[in-house]
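The structure follows.
Each chain gets a letter, A, B, C and D, in the order it is written, and its residues are counted from 1.
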Amino acid sequence: MADLEAFRAETRAWLEANCPPSMRTPMASEEDWVWGGRTFKFANADSKLWLERMGAKGWTAPTWPKDYGGGGLSKAEEAVLQSELKRIQARQALFSFGLWMLGPVLLEYANEEQKKEHLPKIVRGEIRWCQGYSEPGAGSDLAGLQTKCEDKGDHWLINGQKVWTSYADQADWCFCLVRTDTSVKHEGISFVLIDMTSKGVETRPIKLISGSSPFCETFFTDVKVPKENMVGRLNGGWEIAKRLLQYERTNISGFGSGARLDVVDIAKNNVGLEDGVLADRDLRARIAAHKMTERAYALTTQRAQEEAKAGGNVSHMASMFKVAGATLNQERCELMVEAAGNRAFGWAGKNYTPEELGVTRGWLRSKGNSIEGGTTEVNLNVVAKRVLGLRDTQ
Amino acid sequence: MADLEAFRAETRAWLEANCPPSMRTPMASEEDWVWGGRTFKFANADSKLWLERMGAKGWTAPTWPKDYGGGGLSKAEEAVLQSELKRIQARQALFSFGLWMLGPVLLEYANEEQKKEHLPKIVRGEIRWCQGYSEPGAGSDLAGLQTKCEDKGDHWLINGQKVWTSYADQADWCFCLVRTDTSVKHEGISFVLIDMTSKGVETRPIKLISGSSPFCETFFTDVKVPKENMVGRLNGGWEIAKRLLQYERTNISGFGSGARLDVVDIAKNNVGLEDGVLADRDLRARIAAHKMTERAYALTTQRAQEEAKAGGNVSHMASMFKVAGATLNQERCELMVEAAGNRAFGWAGKNYTPEELGVTRGWLRSKGNSIEGGTTEVNLNVVAKRVLGLRDTQ
Amino acid sequence: MTFTLNEEQRLLKDAARDFCREQAPVTRFRKMRDEKKNGRDPELWREMAQMGWAGIVVPEEHGGAGLGYVGLGLVLEETGRTLAASPLLSTAMIGASALVLGGSDKQKTEWLPKIAAGEVVTALAVDEGAHHSPEKSKLKAGGAKLSGQKTYVADGHIADLLIVSGADGVYLVKADATGVTHAELVTVDSRGAADIAFENAEAEPLNGGTKLIEAILDRARIGLAAEMLGQAQEAFEITGEYLKTRKQFGQVIGGFQALQHRAAKMFTDLELTRSCVYAALDALDRGAEDIATWASLAKARASDTLHLVSNEFVQMHGGIGMTDAHDAGFYLKRARVAEGLYGGAGYHRDRFARLHDY
Amino acid sequence: MTFTLNEEQRLLKDAARDFCREQAPVTRFRKMRDEKKNGRDPELWREMAQMGWAGIVVPEEHGGAGLGYVGLGLVLEETGRTLAASPLLSTAMIGASALVLGGSDKQKTEWLPKIAAGEVVTALAVDEGAHHSPEKSKLKAGGAKLSGQKTYVADGHIADLLIVSGADGVYLVKADATGVTHAELVTVDSRGAADIAFENAEAEPLNGGTKLIEAILDRARIGLAAEMLGQAQEAFEITGEYLKTRKQFGQVIGGFQALQHRAAKMFTDLELTRSCVYAALDALDRGAEDIATWASLAKARASDTLHLVSNEFVQMHGGIGMTDAHDAGFYLKRARVAEGLYGGAGYHRDRFARLHDY
């Protein structure tokens, strides 16, 4: 305890000295998110400095071992760090699929060379990663993937197409599921790391209904990949894939849903009050129900964290949180559109404020929440089968 | 057209002369329903007289052929009869599973002797029928039924148990699905008519959560049934069963759900008005949505009738109406309970009015609407497969 | 009341279906959107006028077909199916109704033949804030001059003649009159609209006062409900086809029971909504007294059904439904605008309850 | 705030679970119901008191255990699971809270030891009409005499001491005082209740005025939410077992995807509701300022969840769930009473919104 308090004091002092004042203000939009990588353009010099300093300390990945560039902190120390960061309202230094998804599975499944090679670059935000999972014919049924990976003796040869690769056009490397055995399904999949600058890699952005293009189609044509880039054993990729999906589901729900405007504010502005309550009582009741669900969801994540700390196994909850989070965010966006009335019917132009356009675009973007990272249908299947023990035959 | 107007005049005159004045008043409760049969106790002499007169004219089954006791009316004439009955608010002379369910399939599948024997007694309400379909192990999966029917040369020998036989304890005869071949499923079922006074037939009422007992368990132990009591061919019962279920689904939705109190009246009485609208705005919005669905449902039945008259095939709609009708009635009952507040928390005693107890009991009874006569789940399957053409494999 | 179409109505419906499939498929809408025309496709409107659609409810003596609202509703339903972008609702339904119901002989003679010929596009300027609340209009007429603000006038950016609701009645204002200023809105449904300001603009009153406002609005609501029914039906059918062909886990996804049940519920919703829309159109032709009830019923049900179906359209298509290259997004975007226009489901539930004294 | 139980709380929960499974299973409730006892099972209440439950929140100096609301909530949850019929909520939660919060030293010394020992049963008389609306009380105290009507007083038919809310505060009234008349209500949940009339009945005020009413009610709501959570959890678990064993069409019905998805949604609802109930109990022990918000959150969520689960309990069991011989009906009947008591989901949504200024 005394140690922890010392750590808190140290941390506070370091943050005071190293966190630039502009990094202690709320981010105005997704433009301010720092994704890192070789080609990343920082919105300003402070955000670059802030990433460099946090990365050097390993505090972008506080609990990863110091050997791999992490902070080497205990869970308790991490909690102190987070509370100190929150205290000064510090911005998140790095947004990264490497941190959220790839890193944890590398720690668990990769060999020493792979960890030494890739983890530090993730921590420092030097390499930006994308995820090569879905294919046109393999969405919910991910294990139906067909991207071929052949053993050519001194290298792997990869041919196929991925889809929904987030920011593939801006990524430096891709962690990718490939088929190394066509005679079996789940047991014929391997997990490889591919340098996106390799010859034969092409990306094409996909425009979404919201107008943004966070995803790409990615084509691999006779791409040569060094033998050492396979993580885990040959045909052992499915286990890694499932593990990684758990991390993804925990992180993705409600992701990219636009500015966090409050539906009550929107309703007050556009519907107005009458006798001190929202004039549209029907909408008001539905907003209240939504706000309650929002609170219940937040409480439940907190409860799961406490249970996890106490040693409980809460990994089975990931699918439930994914479904509930997606539903909640979609409900929020629908209510905002309804509350905004015709102020949410704009698409562009100066007659609408950026916030109003954000409501509309965010609402459209939110429709993907129940699809990306495992559809709601697939996750309900998982809850029914793994958590509730309901099976097809008995 | 001139003929129709003549028929209208005749009908009106006959009704004026033959419909007792007390039969032109709304029925106060289910006690006033006339089910007929050998042991039926009429609530009053007029209802007996009214049944006899309508039965003698065949107008309990207006479109059935005169040869079988029916009214022999055309569809157009039937419409005239119904409008004239409605004009004087005449009570329904006969409630009967024989009329609604068995009769139509006998007309289609029975031989001449069977029609001559059974149909006239149905028309006149002399014989009350019950339906022997479900079994403890065969509910939604009706074709899984196991009640055995063996060919003993000069008779059938029946052993087994039925459940959910409506009013079996008050019925004279039972139309029953039995297994005549255990080596196949659907193709091993036959349709037989069983006299409930036969030796070896026992019934035991089932008490429901609402406190009423409209259903029985029915046991058949070495029951001998004459050879001529099989309808259709041996092992040809499934087709008849399905056809009969269509008639049942059309008739059963919302059946037996208590007095038709209006939810708005209940809400006005128990919640009250504020500024001219229901004080509970949340409940009010849900009541309005329900009332709209109710209207939409009624309009859709009317549309289906018009389409049927125009020669369209609307038989596929039966499952949809069953689901929508059950959902609607359950929603109505839930809203009534909510609107009534603690006036719906009674079970018995003089502190509650009969109407209030009716709301509570009717609500409990309505929970069966989505189970009896084919569950909502099974009917949704039917809509998906037969109407929408969605199949498991392709 | 009847749901049975007469011969003329059946022919009209078949012709509309053929026209929309052949001349105005969704690809035409996509092209208009890609070219940022913001709802403008005057050639399509000309073709529709040649089909006689602009004058369906205009009496024959004023150059129309006098075929009634059921006929026009059937056409609107078909245009809804393929998202055909035109001022058909604003002009043939709303503009024509306003003049037939409230126009003087002179006004009728002046405008109805032009409407029926498709020479004049009209638009209804009713809302004055973010939400529909015609009863709270602050727009005032001093003499024959009108002043005030109108928001989100559908087709207001392409209209020649504005039907303007005020606090005391309805006015005709020429779009190019002095004192009228437009701000064109680039809208999410790619159909366009305008905020319109009036400052001492020359205006001609229609007969009928505030009652006329509701009469016109109810026709707008019922017509829009017909368009929405078509959208929902088409979205549902495309989804149904996808369920029968898309395979995952070794089988067509339409074989999964959870999707089957959701599809069956959508089907039920659609059937129930269809009855409400047709009954409301029939009520207009019958001259029923309770048009307000029918309009709120049709608009609320159509809104709820289209809301559900447009969401499931995307969800059941999975990732592909989220892409701009697929049509699902078009239906989703048009759905929310149509839901809100002339009052959303919540507005009409409230109105329905009020009309029934609770 | 914490969701982590301490050692005492864990022991209490385990003991409660064992007791309810062994001493107060649903069969005991069924027997009481069959014998038309209308909620009366004094022997069970005596056993519960021996477990120390009546005094869980009563301070040690008044003969209680001083274990706090989380502990009591865990016990209520377990009694909810098996529908154990007792005045635990009315006495240990509501009566004890009323005296702890509003009692004078004299009142505390007089009543709390008896409450803790299970010697006195209390009941909260709050509603005056068909619906919960404590803010509209017409009950008046003239001097130390109380006059007015209370409806549906839960456990009012077996209470010794009534906690009576009035227009200006809360009063203690002995059930056998002159001027108090009871009408016992035979209720659908077989728990019983009473309509109670006061005519110049002797009454002692508690301290705290109208604020005390809400403070007591919020404890009642949170305690009832805990009981409802237990009911919903048990109903869900029994249903889950049935889904794993009941076969139709050659497979267990739990294999049908539509049922799987509905079960998964119920599970999610239950988990979310559990967090709200535990957080609300913890807020009471923490002495949080926004108890009103926590209470409305817990009661509304518990009502919605139990509503859903109690309906699915019957539906997923099919015909057998409709029979009186099965327990599903008991949960369904208790559910609707509990949903309405101390304000239904609609009431608490309204209150939650008001508490957040919209």
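Here is the rule we use: a residue touches a chain if its C-beta (ideal position, glycine included) is under 8 Å from a C-beta of that chain, and two chains touch if they have at least 3 such contacts.
Note that this is a predicted model, so its numbers are computed, not measured.
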Pair exhibiting more inter-chain C-beta contacts, A-B or A-C: A-C
From subunit A, the most remote chain by mean C-alpha position: B
I'd like to verify one number: the distance from the centre of subunit C to the centre of subunit D, where each centre is the average of its C-alpha atoms, in whole angstrom. 51
When the centre of a chain is set as the mean of its C-alpha atoms, what distance in Å lies between subunit A and subunit B? 55
So, what's the distance in Å between the C-alpha centres of subunit C and subunit B? 42
Subunit D, residues touching no fewer than two other chains: 256-261, 346, 349-350
Shared interface positions of subunit B, touching two or more other chains: 282, 285, 377, 380
Touching residues (chain side subunit D, partner subunit A) in the complex: 1-4, 240, 243-245, 251-252, 254-255, 257, 259-261, 263-265, 267-268, 271-276, 278-279, 297, 300-301, 304, 346, 349-350, 352-354, 356-358
Per the touch rule, the subunit C residues reaching subunit D in their complex are 256-258, 260-261
Footprint of subunit B on subunit A - complex, ascending: 281-282, 285
In the complex, the residues of subunit B that touch subunit D are 134, 137-141, 144, 163-164, 206-209, 211, 270-271, 280, 282-283, 337-338, 340-349, 351-352, 360, 363-364, 367-368, 370-372, 375-377, 380
Subunit A-touching residues of subunit C, taken from the complex the two chains share: 127, 129-132, 151-152, 183-190, 193, 195, 247-250, 256, 258-259, 311, 314-315, 318-319, 321-325, 328-329, 332-333, 336-337, 340, 344, 346, 349-350
